[in-house]
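Per-chain residue numbering starts at 1, and chain names A, B, C, D and E are given in the order in which the chains are listed.
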Amino acid sequence: MIRVENIAKNFGGIQAVDGVSLSIEKGSITGLIGPNGAGKTTLFNIIAGVFPPSSGKIFLDDEDVTHLEPHELFHKGLLRTFQIAHEFSTLSVLDNLMVVPGNQPGEQLRHSWFNYSRVKEIEAQNYERALEVIDFLEIDHIKHELAGNLSGGQKKLLELGRTMMVEPKIVFLDEVGAGVNRTLLNTIATSIKRLNEERGYTFCLIEHDMDFIASLCDPVIVMAEGKVLTEGTIEEVKNNEEVIEAYLGTGRKHERKVPS
Amino acid sequence: GASAQEQVKIGMLQGFTGPTESLVKPMALGGELAIKEVSDSGLLLGGREVVSVRGDSTCIDAAAATAAADRLVTSDGVHGINGATCSGATTAILNNVVRANGIVMISPSATSPALSEIEDDGYFFRTAPSDARQGQIIAEILDRRGIKSAALTYTNNDYGKGLADAIQAAYEAKGGKITAVAAHEDGKADYSAEIGTLASAGGEVLIVAGYLDQGGKGIIQASLDTGAFDKFVLPDGMVGEALTDNFGDMLDGSIGTNPGTDSPGASMLAELASGKGFKGDDPYVPEAYDASALLLLAMQSAGSTDSAVYKDHILKVANAPGEKIYPGELAKALQILADGGDIDYVGGTALELIEPGESAGSFRETEIKGGKWETEMYH
Amino acid sequence: MEILNALALFTNFVVVPATAYGAQLALGALGVTLIFGILRFANFAHGELMSFGTMITILVTWFLQNMGVSIAPFPTALLALPIGILAAISMALVMDRMVFRFYRKQRSNPIVFAIVSVGVMFLIAGIIRIVIGPADQSFADGERFIIGAIDSRRALGLDEGIAIKQSQLITVVVTAIVVAWLFWFLQKTRSGKAMRAYSDDEDLALLSGINPERVVMICWIIAAALAAIAGTLYGLDKTYKPFIFLQILLPIFAATILGGIGQPVGAILGAFIVAFSEVTVTYAFKKFLTYLGPTDWAPDGLVQLLSTDYKFAVSFIILVAVLLIRPTGIIRGKVI
Amino acid sequence: MCLVLIAIGFLQSWNVAFGIFNLCVISAVMALGVNMQWGYAGLFNVGVMGFTALGGLTAVLVSMPPVGEAWAAAGGDIALSLLSLAGTIIAVIYARRFVHPALKLPVTLVLLLAGYFLIGVFFGPATDAIESIDPALSGYLGGAGLPVLVAWPLAGLVAAGGGWLIGRIALGLRADYLAIATLGISEIIIAIIKYEEWLSRGVKNVTGIPRPVPYEVDLIESEWFISLANFFGASEISDAASLFVKLCYAVLFVIVLAIIMWFAERALKSPWGRMMRAIRDNRDAAAAMGKDVKRRHLQTFVLGCAVCGVAGAMLTTLDGQLTPTSYIPLRYTFLIWVMVILGGSGNNWGSILGGFIIWFLWVEAEPFGNWFMSTITAPLGEGSELAQHLVAGAAYMRYLMMGAILLIVMRFAPKGLIPEATNRSTAMTRSS
Amino acid sequence: MSFLSATGMTGGYGGSDILHDCTITVEKGEIAVVVGPNGAGKSTAMKAVFGMLNLREGSVVLDGKDITNLAPQERVPEGMGFVPQNRNVFVSMTVEENLDMGAFIRKDDKIEETKQQIFDLFPILGEKRNQPAGELSGGQRQQVAVGRALMTQPKLLMLDEPTAGVSPIVMDELFDKIVEVARTGVAILMVEQNARQALEIADHGFVLVQGRNRFTDTGEALLANEEVRRSFLGG
């Protein structure tokens, strides 16, 4: 579905991504892990068109999308969330969701002015959908709250909620789990799985919570220092010496903390 | 008795705020000096009191100027307007208020040549001459003094541009050479660029068609500082004590022209003004005084404060025949008119109104000698 | 010889005036950039603050002149300047206390601050005109020229002279000192760092134990002092006229942004670019080329890239071009 | 607000009240334009003055009678220079499409330079010829001689065109930079109007622009009007005439305002408005949600400019003249901004209210200042120097008052008098 | 009385109350962890303790001194250090300057020493010391924020989700460091969503739900509590 070829990105001397090639299979839930500063978010940003790569190419369904703008990629079915929440702070939670669907006639001035009934019709459909999402995320009580006033975790939920407003081909989730309560995270994991199985969404997600990765992802790609370190099933990755050293930490420490 | 009668109101509609605010302050006082003189005399139309009602024409904001004029005319009910200061505002008021309401307006300082031609239904006059005339005078002076080439800079508004056009046309017709023309904006922080250009073009003198406490002064300052020019030709907007006070004898040899005659009116006005907190010979102060005086004398002559009536008396009181009237002699004039006599108002500017109701423009040629304006001759 | 004449000409009509003008703009821009950078709004009242400080300086100068105090060959105004500075500072602090603090507490949008500062601008403008009137005031005394055009012509043995005014030199020197000091202050001192931290994130600054009101106060004190100095030096070089301070804001803002918001060095750079571009691009090279060309040859036209009519347009075109290539200004500034 | 105007009507005069009212309406239209840009999209346009002036210029070019001699003298040359301008632009576009990327810049520069000189060959003599025709009276090409009302929508189009050009260049910049860029560009527009005399008569001003409403002098003489005035019991026929003229203008302006307001409100209340707010809040996120931020910004910018242009044409029509020197940022940009913020940015009704209040204060501050100063100095006595000084300073009370009132209002309504309704979901979702 | 005892806190952001009679206490040298669902008011409680919220009721007492009415910046010299959840670095300042700002109120000459310790703890910060913090990755920023708070050498260290977005290895080291800091006698109050690991090292745990204390116990006991595990720790 997505093929990344030899992507590199350089920020005035800092080599954030350094020749990454990888591909994400249709229908998979691919995990992307790696130490802080490995270049995961940067890679996401490049794929999502936020900035162009210094070199390399990106293909979506065999179409070269390397230099497309973010909004063009959205309409090609590529959706992403932000690691640091990017809510529309003066819009209510409900409106934050209702903004998302593409091709709303009401976003065209000529429709708003001269074809109002159609605008209303579509609007009502989106409204229903937004309510469903709100229900799902258990944020019904704050649906009229301004998004700027949400708690850290609630903003993260909203990020996820946006992706559920449309039917994307592929969703990139950048640490949706950070700051989200673990019980709720389990629910989210279940629904990601369901969206994947029932609706055929493809996911690629960055996460530092290994339990979350383990319960969802296959395959898992590990990045470090701007390069792909290894790739494989979660078990393979977990037992990879390099990964343990650079990312997971020694098992000894881990055991001391996690109750048996 | 007389005091029970309705007051006569004169609108003092000048650019109190904005780019001419400093010029206007003494002008308004000059205009009000004449009003007070008439009022104190107790002779106007059987002893009616005269008051001035101020309005701010802002010089450049046509909309605000119109609003102020509207208020003066329709709300305060003034019987005549002394104003406005700048040609742009004057035109707006003329079109939108004066003609609409039929009220006499005399501008002391709007000098744009375009105002000569404008349709005014006979309600508009000015005590300042059109700049077209001054252009010719300057060309003559340069020609007589054997100055063959000059650089020209003007303040970028209708006054400056109109005057510059007039000077250039007249001078070139006499065979002079204008080496470069550069506009300057008033109120700018720096004029080095303009001076650089003018200096590069060269020329025996620099003609500065600007304002003495505005860009014109900045231009002179920059010329002197860089040594670009040391002789200037200074039209009316530049003639004033403030300039010589500031630059002293550095300007020696420079030539000035401003409306004026050898009639003693100007100095009489200067004397009247001294001690009143302003200078009677600052630019357009005599014109402002005369504008007020004309309005009131015409009313007296017509025996009415109705604009439609007394508008036809303005030319009559301003011009010969009749007894010559100087500043400070308004009481005498009122008396003569009341007795059915004739007057020829001379005032501070040696006023002579020509068709279509503007000052003929006799000009005074001055030269700066030893840091003082010295009169050379009259044209 | 001819080449020297051409150079002297160029120095006299381009380099010297542009440098002095640049330095004047720079002093103004420093104050604007400081407020812009730290309190995060475009302070439209800065021009009037300059005007106010200068007005007080003038009043004190007159008083001193009446008393017969003088520090010839330097202008008396320099002696009066400290009082002008104090007055400007008091005005700034009073305005902050009565006006801006409220919006800080409200965490208003920067644009609200900017609009409120327009209100303050009107207010101070009114006060100034009522106190000293709208007219032109010149208050310079002391020696005017360090070297005059005629003297230098003689001294150099050239046809063209170079004139340098005392006020120009003072302005340049003062600007240099102030910039160096400000740079040091912001980068190295505790207060300076606190100011930068505050400008970055107010809440976080609280968490570091920084007292926001103190930061704001220091910021106003410096900005107001700069304003009074800038206004006075400008007035010494040209004259003092209340109306001008609204006009001068435009190039000052241009310089601030061109250099990079919140960057003292950038403000200086921006100011000089604005000044030099205004003077150079519209300079008529006719005489210059006449000197350089063969004897008896002179170009027909003025050899001018652009008529002086459009001089300020030049600096704006440069500004837009720079911003398109480097959207944060020459020295990387804040994006607000 | 209406009450205040009515009070003015009774206290000062109806003429004054309607004079103020007309300008209030125009100000409100301008404020609406700015509000679209800032309130909807967060675009910091400080070049309002430039677009207003473009509108004013359009009014001149549409409505003034053409100057035949000027066209005869230089029409051909002007046409040729326009042709060469078009030629240059086309050449540049084509060249940029076909040459090697590395050569793009030099080729463009060479072409531009060549074009500059080519245009100069025709243009210089043409303008000289035009400007020398009776400079005191015409000296420019004149206009198309059409009714001035035609100019209003056209002014919108012209300003929109200008806005589009400028937006293409400058909208890539972030808030403050956009501000200074637009400020500069608007100064450049004014400079062009000031110095390109062949086009606009420059600082010599164009006066006597034909009116869309009758002239007072004609009214006074016409039968029907006199009987109408008598019917209403007007005491002075000239007063009645000028009042009638103002009323006509008022009707025209209110119609324009109402139309623009309807479009603005409909847009704001629809998903379009929601999208614009989203873009304003966080453009990165909006882009990731498929919104074409650049295009939307350009769209709103152009719309706002168009509205300002229409207002500019209305203003010039009302003034009956185009005075380029009167365009100063304080009056045409900052005052409008004050209206928008004071009224409550993001809210169309707020902008209208702001427009009314600020213009009202701007005009009425002056008589108030005079009154205030004479009142407080009354106890000081005639001769007192302080009193004289203060009375002479009365005019500057306008500044003081404007400042004080602005500060006071902003103090009690820091988000504006009618703040944007943000604490609720959009109208449509609420109702469903 | 505990070293920090914030008792009966009730208040919000101007609208309706977010906290209702919420109490949080920490002892010297101990670690207290606050857990709870998203939007429960954990961050709000932290802000309340730090004085960034107007409390309608309740008091905050630190080391026997009532500081309820002190402004946040006045609480720093009293020995409080805080890492907020969002916007917790000075984005335009370099990593090193960020750390310096942490030491803003310190007057001793050991600042360089502490800084060195921080660089030892988070080696990446040493590498990037001259880079603006705004250019760092999410996890790196988090490390800067914690480093900045440690620079203060506070008596009470408050951390709002310090491990959000940091990699497992850094998280382990961070928890180690926190334990170590606590051993030097510093009281530590933190909010965590990695609740199991956090409660593991905690002496006390507070479970907040809708602004109210739901459970309060030792870390171990809470971990053992079936209902807590199921509802708040993800099973």
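In this text, contacts are C-beta pairs under 8 Å (C-beta built on N, C-alpha and C of every residue); 3 or more make two chains touch, one makes a residue touch a chain.
Given the structure is predicted, the values throughout are model-derived calculations rather than measurements.
Annotation of chain B and chain E: jointly contacted by C, touch as defined at the top.
Least step count on the touch graph, chain A to chain E: 1. Common neighbours of chain A and chain D under the contact definition above are absent. The interface with the greater number of C-beta contacts, when C-E is set against B-C, is B-C. In this assembly, the chain whose C-alpha centre lies farthest from chain D is E. Averaging C-alpha coordinates per chain places the centre of chain C 31 Å away from that of chain D.
The distance from the centre of chain A to the centre of chain B, with each centre set as the mean of the Cα atoms, comes to 75 Å. In terms of their C-alpha centroids, the spacing between chain A and chain C amounts to 49 Å. Contact of a single residue of chain B with at least two other chains is seen at positions 17, 21, 25, 156, 183.
Multi-chain contact residues, meaning those touching two or more other chains, occur in chain C at positions 129, 133-134, 246, 307, 309. Shown are all chain pairs that touch, namely A-D, A-E, B-C, B-D, C-D, C-E. Those residues of chain C that touch chain E in the complex are listed here as 190, 193-194, 196-197, 199-201, 203-212, 334. Within the complex, the chain C residues that touch chain D are 36, 42, 44, 99, 102-103, 106, 108, 111-112, 115-116, 118-127, 129-130, 133-134, 246, 250, 253-254, 257, 261, 307, 309-310, 312-313, 315-317, 319-320, 323-324, 327, 329, 335-336. Partner chain A is touched in their complex by these residues of chain D: 263, 266-267, 270-272, 274-275, 277-278, 280-282, 284-293, 299, 420, 422-426, 428-429, 432.
Residues 16-17, 21, 25, 29, 54-56, 60-64, 66-68, 70-71, 73-76, 87-88, 91-92, 95-97, 99-102, 112-114, 116-119, 121, 132, 156-158, 160-162, 165, 169, 183, 277 of chain B are the ones that touch chain D when the two sit in their complex.
Interface residues of chain E, counted against chain C in their complex, comprise 50, 52, 71-73, 76-77, 81-82, 84, 87-93, 97, 100-102, 104-105, 148, 152.
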